[in-house]
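The data blocks that follow each hold one structure.
The two complexes that follow have subunit A in common; it is paired with subunit B in the first and with subunit C in the second.
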Partner chain A sequence: MLRYIIKRLLVGIVTLWALITLTFILVHRMPGSPFEAENLSGSAIEQLEKAYGLNEPEWKQYLIYMENLLHGELGISYKKNISVNTLIARGAPYTIKVGLLAFALSAVIGITIGIWMSVTKSQIVKNILLAYATLGVSVPAFVIGLYLMLVFGVWLNAVPVVGLSTPLHYVLPVAAQAFGPIATIARLTKSTYTEATQMDYVIMAKAKGLSTFQIMFRHVLKNALIPVVTYFGPAIAFTITGSFVIEQIFSIPGIGREFTNAITNRDYTVVLGFSVFIGALIIVANLVVDILCSLIDPRIKLTD
Partner chain B sequence: MEEKVLEVKNLCKFFEVNRGFQGAQVVQAVNDISFDIKKGETLGLVGESGCGKSSLGRTILRIYEPTKGQILFQGEDIAGFSRRQMLPYRQKLQMIFQDPYASLNPRFTVGEIIGEPMDIHNILTPSQREKRVQELLETVGLKPDHIRRYPHEFSGGQRQRIGIARTLALNPEFIVCDEPISALDVSIQAQVINLLEKIQKERGISYLFIAHDLGMVKHISHRIGVMYLGHMMEMGMANDVYKKPLHPYSKALLSAEPIPDPKSARARKRILLEGEIPSPIHPPKGCPFNTRCPYAVAECFNQMPAAFRVDGRQVACYLYSPKYLRKRESLNIEPLLSKEA
Partner chain C sequence: MKKLWKKALSAVVAASIAAGLTACGGSSGETAETKADGSAYKSVTTTMSMEGGTLDSAGIISYWWWTYNGYATGSLVELAEDGTFKYILAESVDINDDMTEYTFHIREDANWNNGDAVTSEDFYNTITRALDPNCGNGYSSMLFSIENAQAIYDGEADMSTLGVECVDEKTLKFTLATSTPYFMDLLTLPVYIPTHRTLQTETNGAWSMGEDMDALVSCGPFYLAEYVPNQYCLFKRNDTYVLKDDIKLDEVKTLAMEDTQAIISAYKTGELTFAQADYTVLGEYKDSPELVTLDSIVSNYELFNVNKAPFDDVKVREAFSIAIDRDAVAAACGENYTGSTFFVAKKLISKASGKTWDEEAGGELLEYNVEKAKELLAQAGYPNGEGFPAVTYKYPSTQLESDIAQALQAQWKENLGIEVQLEAQETQVNISDRRNGDFDICRMQWMADFADPFTYLAMYMSTDAYNDNKCACDAYDELMNQSMTETDTTKRYELMHEAEKVLVSEYFWGIPVINRQQVYLMNDNLVNRVIDPSRNTIRTKYLDIQE
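Let's look at the complex of A and B:
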């Protein structure tokens, strides 16, 4: 087990390195310089480029960046003149809060709806849930976000639509972000739950005299949820990357908004730094989910 | 072998199925079936897939709610019992499954799988339970130290033994064996059958043995019932039914049994039935076999025949009604049975 975790972490580091290198090359291939848009004279740009080390050859810049990275330094934003570490520390709490809330919401509601879809005998309920599940998978989060804003924020004037100052402010962005994952988790849960209920050991459980509730928790749910838990890894990644657009729409000062701004501003270090941060987050999330799966399913063994 | 353990009277199980635009429809999976099983007896149940064998077994165990009829277990009608009332009977009525891969929860250890029934019914203390589980493992021919392993570490035959040990944990008096050997290799089949027979001899358990394999059913069963579309067509002593099937459907079914000797297999006349099995949603009026029966007469299309007693067995066919038997005698027609025998 420990060997497996160490191995996975090493693989993660290699993945992260590839991600950094590729992003570094791509960002530097973008036409123009970070200071071009600001109406500065040629000598001023030259001076700025010198100050930030942009006049050095690309391979040297890369080496300097990697060296700083090993010290935990993600560089300094060209535009804001503060370190990327500070930017992340400032924005990440909002993004993570909204992301985790949305993820928790989608896990709880998605699993509930999935089980409901599986056990209900009412054709009407089934069709409504199926329609929602299809809609949720196919409509992107920003469309949902805009509609939620329009209906609940503008027409009904029930909840605030901009910023994150009170708990009430969280309602719309979290709902918008959870809308899709709820549908995906519901569909997945429905199929795995239905499959699990058809197993003979469920019939056996009834023959042994267990109540429907005991059967559900002891025999069905745990088996049905393994594929769902496996999906949690990518789901966490989706809720975080999904937040980019949502944060723009709802003006949330999280890392998603910072990231999109940095791309349009050619703020190399910010783009790179955030890629590293998000990449690391996704790698760790997937590793945690894999370990979780091996704990709940004895058939999954974490060996190399 | 006199004491009746189980008696089923006019048992019916109808399933409602939803078929989209056609709305709710009813499948008559088990239709007006009556029989009894004595202590230590094995009743074999044969019939094509979808004829209601498994539904019958599961309805008797109250896994499915019976639509109509009585299930008398040791004289007590359990058909209408609540879950709580059923609890003591769950110990005595148990089942063994066809698929040893689907019947064991993959997340339970062998010890938990076999121990859970005792846990539910509060039998023994936890430490005694572990010892009992080990004994049961030995009974079914596995090692006591297999207790901490998971089902996926075993072969199909071993898994089926674990399933049998789990069933035996409650000391049942009646077991529904739902095709317990169909998923196993032939060599393993014999082992499992021998195990089931050994357990029956030692404990006097009664079996309802559901199977496809006609030869195996003949071997293990004392009596045999032949089912078709939810109805019991014929029931009698195993040897009688095999040697001289009376019902036209039994004849056709048994003529399909593979014979391991090519000479006699070639000499045998196979009865090939025309047409398909009717849908259980729209069974034909009268006898359900009337669409394929070569001997069908006018009555067959009106009403399902009652079970007539012929040669110490029951046959649900008008050809064996007293009226037809007399007619045949007076015309000096040879009885149906010797025609193809």
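Let's look at the complex of A and C:
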């Protein structure tokens, strides 16, 4: 197990290196310069490029960047006069808080709806849930976000729509962000759960006279959840990247908003730094999910 | 069902984060507090762009600084609505006859909010730091009217030769290289705003990033009391401000917001009391006193690459320019747009006559004339557009620019029989291509830095750094040079009108297309809406709340 984890971490580092290198090359291939703005003259741009080392050959910039990275330095933002580490440190808590809340919510509600869809005998409930599940996967988060804002913020005036200053402020962004993943998880749970209830061991358990509750939670759910838990890895990634639009709409000071702005502004160091950060987050999330799977199902052995 | 889980959801969310959060108090939705004397505490909540740059007037200037400037900086003078200058930190100025020496007398009671006097050294502190090219300030060139400033910036002269002299603590003297008729206008630009001579000396330092609030002293109507990065700035009334009686509000909170739909929603929920909206609210608020529209002084136009075929032929340029029905283009963009045949923003107020620029000009510069356009095209060797080379129009991929591009494309096709290729680009790429001259026709827009037509017109003089299409028109250069030395305002404006006419309707350097109106939503109890004519926006600092 420990060997497995170490191996996965090493692979993770190689993946991260490939990600950084690729992003570095791509970012520098993007046309446009971070300093070309309407109100800067040519000589001012030259001075700035010199100050930030952008006049050096690209391979040299790459080496300098990698060296700083090994020291944990992600560089200085060209646009903000602030280190990328600081930008991440002040933005990430909000993004992660909203992302994890949305994720926890989607897991709990998604699995519940999934099981419900599977066990209910009422055709109406089934259809309603199915309609939601279809809607949830097909409507993008920003549309949901704008509608939630309009209905609950503007028309009903029940919840605030700007920022995250009180717990109530979390309601809309978290709901908007969880809307899609809930549907995906529900659909997934429904199919795996239905499949699991038809297995031989369920008939065996019924024959043994176990209570429905015991059958459901101890036998069926445990087996039905493995594909769902496997999906959690990408789901965490999804809730974090999904926050890019949600943060823009609800004016949340997270890294998503910062990231999108950095791309339009050609703020190379911020784009790179955030890619590294999010990449590392996803690698770790996937690892944790794999370990979780092996805990749920001992048949999955974490060797090589 | 859905309602139920929504309720459950809110409860779960609220409960689970209540523990981990400390709520920042004082949201705008709260009921108004009262002050010790029983009067209502007056607070306005509006928006600001995501910060970038610093608060150093001599450092990296971006949106954040402009927000800050609206509340917490002081200038020698500011432009009043009627086009005259209102003294702020200065109480008077002596100007010599040939307008090359300006001696400002700073008010005796002008102080920083830590009690220190505002002195000439504070202005000197900003100006000298902004003449170091490493400061990253985009406005350094606005100092070049001052004697030797450019040479110092270029490293060719010593700072001691600079034409700025601190005669005594309260007297500041500028010696200009040549007469600069718009020099007073420049005084509200970042590089002329004082920074504290001992506390604010490190360019782009920690103090300018809101990390050292003790050093971030203010000599303006408000001071920055609270700052949470990427979230909000809270400006509180500065009781030591020289003209404090002009200021009625107790605080202004600016929230970092960018998405226009989100801003409109937040206004509707009451989280904002004053917001910049867009055309989408024009219908809904049509008869509401909350809707305010102001003519913007942004000019939208298209540049020709005058040095490359086919647009090196002035006849082709003229054909393209007069084959456009500008009102139709404006209609395609939204109700708050109008066509313009002027390069300078139509509604810029003239300091010579107090009229708007287009009124003062007395007539349109271009006519919509399809027949003549076709004829010109035929004379240039392309009858009915036959044999016309493939040309591309480059523009940033925003909604507005796409609307303009499609309207122009349709008209050129219909009126001239020429299919212009459209290329939507990311903004940074578009700027890059324009700067490098890599285009046939390129979109451009300009917002004045100060309220003088010179800031538009100077760009296309053959020697100017911003002359992106490298247009070189001798007659135009000549008129502009004359205007620069003309000390009589009326004559100077006449020269500039004439220069614009040459540029737009004789040389056809590009195509003026539209101007827009800025759309605002503001609570109707917000009164005392003073306009800043140099940007044609409402000066939030002077607002008052009617009780």
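We adopt the following convention: the second predicted complex is superposed on the first by the 303 of 304 C-alpha atoms of A that agree within 3 Å, B and C clash if a C-alpha of one lies under 4 Å from a C-alpha of the other, contacts with A are read in each partner's own complex, and residues count from 1 in each chain.
As a working rule, a contact is a pair of C-beta atoms (placed from the backbone, for glycine too) under 8 Å apart; a residue touches a chain by one contact, two chains touch by 3 or more.
Because the structure is a prediction, the values reported are computed rather than measured.
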Fit or clash - subunit C, subunit B, common subunit A: fit
Which superposed partner A:137 touches (first subunit B, second subunit C, both, neither): neither
Touch count on subunit A, higher of subunit B and subunit C: C
Contacts of A:82 with subunit B and subunit C, given as first, second, both or neither: second
Touching partner for A:280 - first (subunit B), second (subunit C), both, neither: neither
First, second, both or neither for A:91, with subunit B first and subunit C second: second
Touching partner for A:159 - first (subunit B), second (subunit C), both, neither: second
Subunit A as apex of subunit B and subunit C, Cα-centre angle in degrees (nearest 10): 150
Which superposed partner A:300 touches (first subunit B, second subunit C, both, neither): neither
Partner chain in contact with A:100 - subunit B first, subunit C second, else both or neither: neither
Shortest span in Å between Cα atoms of subunit B and of subunit C, once chain A is used as the common reference: 23
Contacting residues of subunit A [partner subunit B, same complex]: 121, 123, 199-201, 203-204, 206-211, 219, 222-223, 296-299
Residue ranges of subunit A touching subunit C (in the complex, touch as defined): 30-34, 36-44, 47-48, 51, 79-82, 90-91, 97, 101, 105, 109, 128, 132, 146, 149-150, 153-154, 157, 159-163, 165-168, 170-171, 174-175, 178, 248-251, 253, 257-258, 261, 264-266
Touching residues (chain side subunit B, partner subunit A) in the complex: 18, 58, 61, 63, 83, 86-87, 90-91, 93-95, 97-99, 102-107, 109, 116-117, 120-121, 150, 152, 166, 170
Subunit A-facing residues of subunit C, complex: 1-2, 5-6, 9-10, 12-18, 20-21, 23-24, 27, 29, 50-54, 59-62, 133-134, 136-141, 154, 204, 208-209, 228-232, 255-259, 261-262, 265-266, 268-272, 426-429, 431-433, 435, 446, 449, 465-466
